[in-house]
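One chain, chain A, links the two complexes that follow: it is found with chain B in the first and with chain C in the second.
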Partner chain A sequence: MLALQNSKSKPSRRHLFLALGRLNPSIKAMTVVLCVVLLSLAFDPVTIASALLLTLLMTWLFGNIAWNRWLLLFAPFLILALGYFWTAALFPREAIQPDSVLILSMGPFKMTNQSFQIALALCLRTLLFSALSLLFILTTDPVRLMLSLMQQCKLPPKLAYGILAGFRFLPLFREELAIMQRAHRVRGAGRIRRTPRSLLYAFKRYSIPLLAGAIHKSERAAVAMISRGFTGKSDRDFYTRVQITWRDGLFMALMLAIVAFSFGLSHFLGSLRWYNGEL
Partner chain B sequence: MKTWKLRDIIVLSSLSVVFAVVYVLFLQVGNVLVGFMGPMGYEVIFGIWFIVSIISAYILQRPGAALLSETVAGVVELLIGNTTGPVLILSAFIQGLGAEAVFAAMRYRSYSTPVLMAAGMGSAILSFAWGFIHSGFAALSAGLLLAMFVTRMISSALLAGLLGKWIADSLARTGVLRSFPIAKTASAKQIRSKAEAS
Partner chain C sequence: MLSENRKPVLETTDLSLMLDDNAAQPVSSVSMSLHEREITLLLGPGGCGKSSLALCLNGIYPHAIESVVSGNIKIYGNSTDWNDPGLTAQTVGIVFQDPDSQFCMLTVEQELAFCLENIGCPRENIGARIHDALKIVHMDGCLDHPIHQLSGGQKQRIAIAAALALRPKVLILDEPTSNLDPVTAKQLAESIDAIRKLLPMTILLIEHQLDPWMEYIDHLVVMNKEGTVQYEGHPLPFFAHQAPAADLAGIWQPRAALLHRKLSEETGRLGEEIAEDQSLLPLSARGLIATWTAYPAHTRDKAIRLLEAPLRKKQPTATVNKDKPCEIRKNEGFASKDDVLLRANRLTFARRHNIVLQNVNLAIRAGELMAITGRNGAGKSTLISLLSGLLEPSSGEVVLHGQPLGRWKETLLRSRIGCIFQHPEHQFVADTVYDELAFSMRLQKRSEEEIRQRVGELLKQYRLEGHEACSPFALSQGQKRRLGVAAMLTDEQQILLCDEPTFGQDAYAANELMTSLRARADLGLAVVVITHDMEFVQEYADRVIVLNHGCIQFEGSPRTLWSMPEPFLSEQGLVPPMASQLLIRLQEAKGDAGSAK
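Presenting the complex of A and B:
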């Protein structure tokens, strides 16, 4: 799973007019959050399905991402969405309206047209939000995100570089875990049985040394950074500047247009339903 | 932020990185559970997602440690592929705020087991309120919601509070935390003297 993070891999073949990977990460994150907030106001299948399809189109046109990776990350949310679907369809909170058409009856469970609509909206919502997020995650380079957070959002450099240092430990942790596994195997201590006690013991045997190593490494990294003149002051300069260009404005406008179009379409079809806690 | 030492920040963020990986793995566990039992699937293991606030607040014993570590874990989760998206940072912030409020109420002086468990439950309360707004909980029936809330509270007290304390104490016993505030608290001292005696 961790191999998914190097998003800067393959070079783009076709020239992209609006490459999502080259946008300003802060603006991109802001746009995605704004879309999620706006779309969470809607609670009908039409608005959400339309926004979902257009988001997928946007990802396909400008994302330049590997679809197998996209599917790998999206698949768990399909399962989640199904889980949401059946609980909301079979255990609706609202009293079932008498005029709502019964479409499924299975023993004590009854699914009406109305509860089906709500369940579908709830399930599509999960998929929409994860599609919007994947649009961000799979096109954003972690280092560029941190640089942009420092340069545009005034994140203190001490914190930003601290996070990056911690983030850089990730591959080291994996290596350390592999070494520990091998060491245990050499000494014949590698067997983990499926009893709770054995699992807890295995958890302790791996997690405590790993965390202790992490703390050691962090202390060393801090000493190394300070001794090389890292002060953590905000008035520093950067080798790489992450700019805001007209492309960022265009991306934001396009995404907001998607939201507006979805609401408009649903309103036009007469199916628009606002989300208010009373559901 | 000015009063924080760089060492503390890096320790906090590497703890957040480790637990961000744990969080993402548990998200998959949760997704499978949700497939079987509906929204209840998450609630059983929900406490695990608060554990880093408990551990780093207990180790660093500084104002802001709980809030910051949970938020950083949220950012890192985002970077390694949690598909909840940038909203996740806000969710993480809200969860951290719940734990932070409990530590603040104790004026950052007490880090006993009940306080750590209460901090986990503080995260549970705020995150549940957030779930209403963000995850569409309002569409579920009242009985199911109550069951979800109670399960989440218990899970948080055990998986965040107790497990977090156990991990931090085990770490203190290895000696790597000798220069951190946790080494001065009573329970760690007790453990150390016990270890030396045996």
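Presenting the complex of A and C:
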């Protein structure tokens, strides 16, 4: 979705057997959600690590995403997951079973095998869900997503085209805020003191013109849409049809196979553990 | 186009628009008609309801925006019932001024497909109709282009194609060229003329910049402040007889007519023919040139002398400007005319690997009005931000009084350099007009009494009396612009940078603004103005810089710019002002006559 914003970082077009970018966005979204739901039932490092690795493999094989971009977006989740790991490992919420093996001891901090397992599972879950989300987000064109939602999920066109029109405005807002900050600096009103009162004042000073501008823009966009004959009727004959093909079925089957394989592997190794409300 | 059996396509009788508060009628009892294949120009002072009228004609009022519309609209003699916006869009298409807020899809093809899907066009035909529409506006190669990457002129063409794809009978253009550079505007006017001849298309044009359009206009409708039609008919009689009234109302007039009148007066051909025969008043550059080259030789020579005089005076050499009163400058504490206040050295600016400006060198001198011009997206606004220290250059430096901007204290810097932005809304910092004007004086800790007096003067000078307690955002567009300028001018900055200050203003306000900027320059302060209007460059600027592709392509007096070869000018997106076009043609005619002898 974000890939559309800057075409500079668009990677070269490869012809792939199962290009994720050309799949039906609705089916893709459904598959990802299904995987998330199923995998959230598991709570052991093996199942989740295996699913994570296979998801990354899918992204790498069929995603056609620039890796530096992927890493940039994945990095915050990685940091979050590491933080999660340390807090959960060193300060477990549940009482540590006395028979759990102590694997690390640093002054007052003690990490037992059990808390390590839980922390690892939590950390990997974060990574897995973000990897699945990125798999969807980075390979989906917003226009195709909306078209597909209208065609397959019967989303009302009024809503779908409204979202698309709004999507176009996002970069404009950032630009406008930057211009306004500069304009206020020229007036000698650029510096904002860190007192609550002046912060509130600054918030008002920026938000009113931004909102006024937004209302103005959206009004004009609405008028432009209507003057192009847009009525919001749902019986449209779409020029671009986003169809469901065997590739979508294959993708869903592959993803479900990943889930099944992960559960199977963990079961085979005897490490499978169901989620039981741990945090 | 002026055949006797003109066929009315769209007729309105007593059309009035009332917005829900009942108080104001932006459009009141408008009766007019548009004829087949004609371009009708709709003129009127700022905020007189031209755009509202356009939205009434295509049914946005009252069906999409709550309002009461009375009177009726007939298309080919049939009363219309605009209950189906899809049907309306197929009858009356509209293209808006702002190219950024009239698209709702990301690529050209998606946008056009969106329009055709809206009207229920069968899927099999959509591809062909998209292709046809793009071909008419000469954009058939850009099917997959993202709209936000197109230039301003290309965006307007796509907007026109989107309207044409629906095959409307009437096309309304609401200030389509106001954001465009002169050559792009001229090309757009030419292609609209070609389109209406190609298709039986009727066009209603709302526009302030008349010059590119004048030669194609068949019919004129003038609205007054009250929102009623003041004049309807051929453009000539209006501009010939009602010019003073139009001037007073702030209605833009064709520059050819203004120049013709001025030259006629000064050459002694004072309006005789105008009084006798209206058809002699030229409205377009072409007409003006034809009229004057046909005059006898002695009149032509006189005209050449007259035209050369102001052009020569504008050369920024110290010798010519000596006759200006030096006392004023001394009072302001500036040494000489060539005093460089601000200097940019090898300025380069890049935004995410895109080079916006490259190696720009320039100097801003005291007592000079410098114009910056160039195509859309040439980096003019970026240059202004760099010069005022609001953006940091990627390399190079801006030096003010011998010290780089980075080393100036912010408050001191702001009291030296002022900046007027493209959209006045961005600059407002206070809740009321009064506070807005008092803002910087309060920052300077002046006494409340002094502030009140100064604000009173400013309110009067910028025609904002009675609005002291209003929110700046509640003002009309022209008032906002004036407030923005007034608020900036409360400080006596040495350098004032303005980004398209006359954009969206009516003729009266624009001329007044340029005059006040010129007066500032004459006081010994420096003024830099970004503009697309070559007439303003000609009339007010001492020096002009043409910026394109991130580099300065030309720097010098306006006069030397106009004497550059034609291909250079059109490559830079420039059309020389009327006077200079006429002068060149008159000199050519003289040369021809001389060689014939």
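Simple rule for what comes next: the second predicted complex is superposed on the first by the 248 of 279 C-alpha atoms of A that agree within 3 Å, B and C clash if a C-alpha of one lies under 4 Å from a C-alpha of the other, contacts with A are read in each partner's own complex, and residues count from 1 in each chain.
Following the convention adopted for this analysis, contacts are C-beta pairs under 8 Å (C-beta built on N, C-alpha and C of every residue); 3 or more make two chains touch, one makes a residue touch a chain.
The model shown is predicted, which means the values in this text are computed figures rather than measured ones.
Of the two partner chains placed by superposition, only chain B is touched by A:P76; chain C is not.
Contacts of A:L134 after superposition: chain B is touched, whereas chain C is not reached. Once the two complexes are overlaid on the shared chain, A:I118 sits against chain B while remaining clear of chain C.
A simple residue count on chain A separates chain B from chain C, and the partner touching more is B. Once chain A of one complex is fitted onto chain A of the other, the partner contacts of A:V32 are limited to chain B, with no touch recorded for chain C. Once the two complexes are laid over each other on the shared chain, residue contacts for A:W86 go to chain B alone; chain C is not touched. Once chain A of one complex is fitted onto chain A of the other, the partner contacts of A:A222 extend to both chain B and chain C.
After overlaying the two complexes on the shared chain, residue contacts for A:A165 are found with chain B and with chain C alike. In the superposed pair of complexes, A:F230 makes contact with chain B and with chain C alike. In the superposition on chain A, A:A212 makes contact with both chain B and chain C.
Shared contact residues of chain A with chain B and chain C: 4, 142, 165, 208-209, 212, 217, 221-223, 225-226, 230. Residues of chain A touching chain C in their complex: 4, 6-8, 142-143, 161, 164-165, 168, 171-172, 176, 179-180, 182-191, 205, 208-209, 212-213, 217, 220-231, 233, 235-241.
On the side of chain C, the complex with chain A involves touching residues 55, 58, 60, 64-65, 84-86, 88-90, 93-94, 96, 98, 100-107, 110, 113-123, 126-127, 146, 148-149, 162-163, 166, 352-353, 385, 388, 390-391, 410-411, 414-415, 417-419, 421, 423, 425-429, 439-440, 443, 473, 487-488. Of all residues in chain B, those touching chain A in their complex are 1, 4-7, 9-18, 21, 24-25, 27-28, 31-32, 34-39, 41, 68, 72, 75-76, 78-88, 90, 132-134, 136, 138-142, 144, 167, 170-171, 174, 176-177. On the chain A side of its complex with chain B, the touching residues are 1-2, 4-5, 29, 32-33, 36, 40, 43, 73-74, 76-77, 79-80, 82-84, 86-88, 91-93, 118, 122, 125, 129-130, 132-134, 136-137, 142, 145, 156, 158-159, 162-163, 165-167, 169-170, 173, 204, 207-212, 214-219, 221-223, 225-226, 230, 232, 275, 277-279.
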